[in-house]
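Residue numbering begins at 1 within each chain, and the chains themselves are lettered A, B and C in the order written.
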Amino acid sequence: MEWLSYLSFTGGGWGDELLRGLGVTLALAAASLPVGLALGLAVAALGLCRRALWRGLAASFSTTIRGLPELLTLFIIYHGVGLALNSLLKWLSPGATPVELSPFLAGVIALGLVFAGYSSEVWRGAWQSLDRGQLEAAQAIGVRRLTIFRLIELPQLLRLALPGLGNLWISLIKDTALVSVIALNDLMRMANVAVGVTKKPFLFFAVVCLVYWAICLLCEWGLARLEQRANRGFEREGRAA
Amino acid sequence: MIDILERFSGQLLSGAGLTLQITLIASLLAFCLSLPLALLRRSPSAAWRWPVRLYVSFFRGTPLLAQLFLVYYGSGQFRVPLTEAGLWWFFRDPYYCALLTFVLNSTAYQVEILRGGLRAVPSGQIEAGIALGLRKLELYRRIILPNAYRIAFPALGNELILLLKGSAVVSVITVLDVMGQTRRAFSQTFDLSVYFWAAVLYLLMTTIFVLLWRRLERCLTRHLHCRSAQPGKRRGLFTRLSTGVAP
Amino acid sequence: MNKTLRSLILAAAAILPTTAVLASEGQSLRIATEGAYPPFNFFTADGQLGGFDIEIGRALCAQMKANCEFVAQDWDGIIPALLADKYDLIIASMFITEERKQKVAFTEPYQKSAMTFVVPKDSDLKDFSPKGLAGKTIGAQGSTTQGDYLSAMFPDSDVRLYPTQDAVNLDLASGRLDAQVGDMIPMLEWTQKSEDGACCVLAGAPISEAKYVGEGVGIALRKEDAALREQLNQALAAIIADGTYKAINDKYFSVNLLTLQK
């Protein structure tokens, strides 16, 4: 039972630090989600444009993001964007004070981009499976384009895209672990710090794995409930009753 | 930018070799392991099903980085028993630790993909096989498995790409793959173009892989494309692979 | 939970321009350290930064009447992040080398520097020349002088570079490495004072080639902050003169870091 003392929440135990790390992990995932969802939807909309230029832009964005290791994307954002931003700022106004990109913000941008790259494909697939007749009917009775999107397309998109987005959310939670490599004090990094002090790698990494596992199982359960709710009024195959 | 490429191209290419090597070996081993496990996963007995289910759920529900640390640094804590069991030479090497982790991880994903493939085999075909009096082994060999693998093929390709990209985490345990070489070069020069070239290299690897996989897929599903195949001279495997569709 | 809150606030604050570093009284300074390099800088069991570097930093800040905040940063990115204005100083036992001086400025040294080989106690390695170590597995922390030394001098050995010193120590203790090269003082501390370091001993002659170990250990800052550098040098001289330095030194080490003598 000696190992339990390493995980206690008081004094010399690492339980409270790990819990704090978990908070950072969840905050990071939660902050990246809206960025990724919105950006992904925008890229998907761009990919369905008539202009070939926009379509090409959208396609190359999602291909590039999906072809790069998440770790590399993260390094590029963390080391690159900070420098680029500051040189841009200096170029615009030489006397400007420099800005800084915290590991947290770099993580949000990188994970948001990754989520956007993958989710744009999910959004696009959902969009293409919408019933064209509904859109035409709405246009025929003179509903404005934005209203059509808000009242007819978006609610159905959300239902159709939910399973795909759910899987991406779970990947996102797991990808947050990578941010530990750029010194954000998330769950993974706190475990590393604890190992450095206690020299008990197996214990701490096993605990961390179990915590991630528990979160993922919890999310899977919640997503299943959400899908059930979104699909009420539909048959199991998802076709209209 | 070009001077960085000139200075580090050798290292980056040797890194790419290592990345491809780890990915291919791990995915091949996982490919072999996934079939028996997927069959167990569909077993009617819960005692067989549940261990596989737990294993798959664990490796799909935890970050690859955490798994790698658990295997690499975790095993260091058990040096004495591992030495006594004659296994320490294996765990001593970061390359083998990474390989083990990737095999375990990829097997879990492939089991899940294959399970979906097995479930999607049209029941009419299986029934037809039974009606013809095929034995269980024949049934699997001639009807169920070819169908299941064809259905699972695109998803298996995606999993391979995920593994290729995921393998970048080995740089954290001192293996010098593309990412490891890149980080080493960056720490020497602090020049961001190193990351640019690494990105180009990864994109090249994934793009070539996607194109190859599509070719292979067309080749595997050629019976669905050309209904009126002309009887002609037999072509070698290579020609068939490189043209995709047998004319 | 307050670290979560702080990172959220930091994330929000990161969007706003931070104030430039002005050499004036009551200035606020952000200081980076690594946090994985005991006894110089490390995390205590309650998750706080502590160690020789941290205390020297605090003493300098007190001398300069500045408000200081320490942040932990991975070693690999510690210089790029300084150049990207993520913080103003690095106090992390960094050797002053020619290559680093091309990127950043250094204060006067606050420690003398040397490196050493460390091997497991049962090791029979005697010859630490490139020839003697051919085919052996040697480790060091990456992006460090010892890492550069190994990469340059031992092409025939299996050189492994780790993200942190803790990770090197862990792998030397578990027997994955035949030897490692580390900074003299932390290696001395690790092998003599820590439980896990008892596995290993210092070996070979100290490595003190100036090409690799440089002129000593300094505080790194951006080249344009020349006034700040001057202030730090004065503060450093002051805490050495008034005995503050010695008090901190003796709290952690049995040797004097400025001379490497008892």
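Quick notes on this structure:
Note that a contact is a pair of C-beta atoms (placed from the backbone, for glycine too) under 8 Å apart; a residue touches a chain by one contact, two chains touch by 3 or more.
Each chain and its UniProt protein: A = Polar amino acid transport system permease protein; B = Arginine ABC transporter permease protein ArtM; C = Polar amino acid transport system substrate-binding protein.
Just so you know, these numbers come straight off a predicted model, no measurement behind them.
Distance from each chain's C-alpha mean to the overall C-alpha mean is smallest for A. Chain pair with the larger contact count among A-B and B-C is A-B, by C-beta pairs in contact. Taking the mean of C-alpha positions as each chain's centre, the chain lying farthest from the centre of chain C is B.
Between the CA-based centres of chain A and chain C the separation comes to 35 Å, rounded to the whole angstrom. Chain A and chain B have centres, each the mean of its CA atoms, that are 24 Å apart.
Centre-to-centre spacing of chain B and chain C amounts to 40 Å, using the average Cα coordinate of each chain. Annotation for chain A: residues 79, 83, 181, 192, 195, 199, 201 touch two or more other chains. Among the residues of chain C, those in touch with two or more other chains are 80, 83, 163, 170, 173. Contacts with at least two other chains are made by residues 73, 76-77, 172, 183, 186 of chain B.
Against chain A, the residues of chain B that register as touching in their complex are 57-58, 60-67, 69-70, 73-78, 161, 165-169, 171-172, 179, 182-183, 186, 192, 195, 198-199, 202-203, 206-207. Those residues of chain A that touch chain C in the shared complex are 11-14, 16-17, 20, 23-24, 27, 31, 78-79, 82-83, 86, 96-102, 104-105, 108, 181-185, 190, 192-193, 195-197, 199, 201.
Those residues of chain C that touch chain B in the shared complex are 76, 79-80, 83, 103, 139, 142-143, 148, 160-163, 167, 170-171, 173-176.
Chain C makes touch with chain A in their complex at residues 1-4, 7-8, 10-11, 13-20, 35-36, 42-47, 72-74, 77, 80-81, 83-86, 163-164, 166, 170, 173, 195-196. Taken in their complex, chain A has these residues touching chain B: 63-64, 66-72, 75-76, 79-80, 83, 170, 174-178, 180-181, 188, 191-192, 195, 199-202, 205-206, 208-209, 212-213, 216-217.
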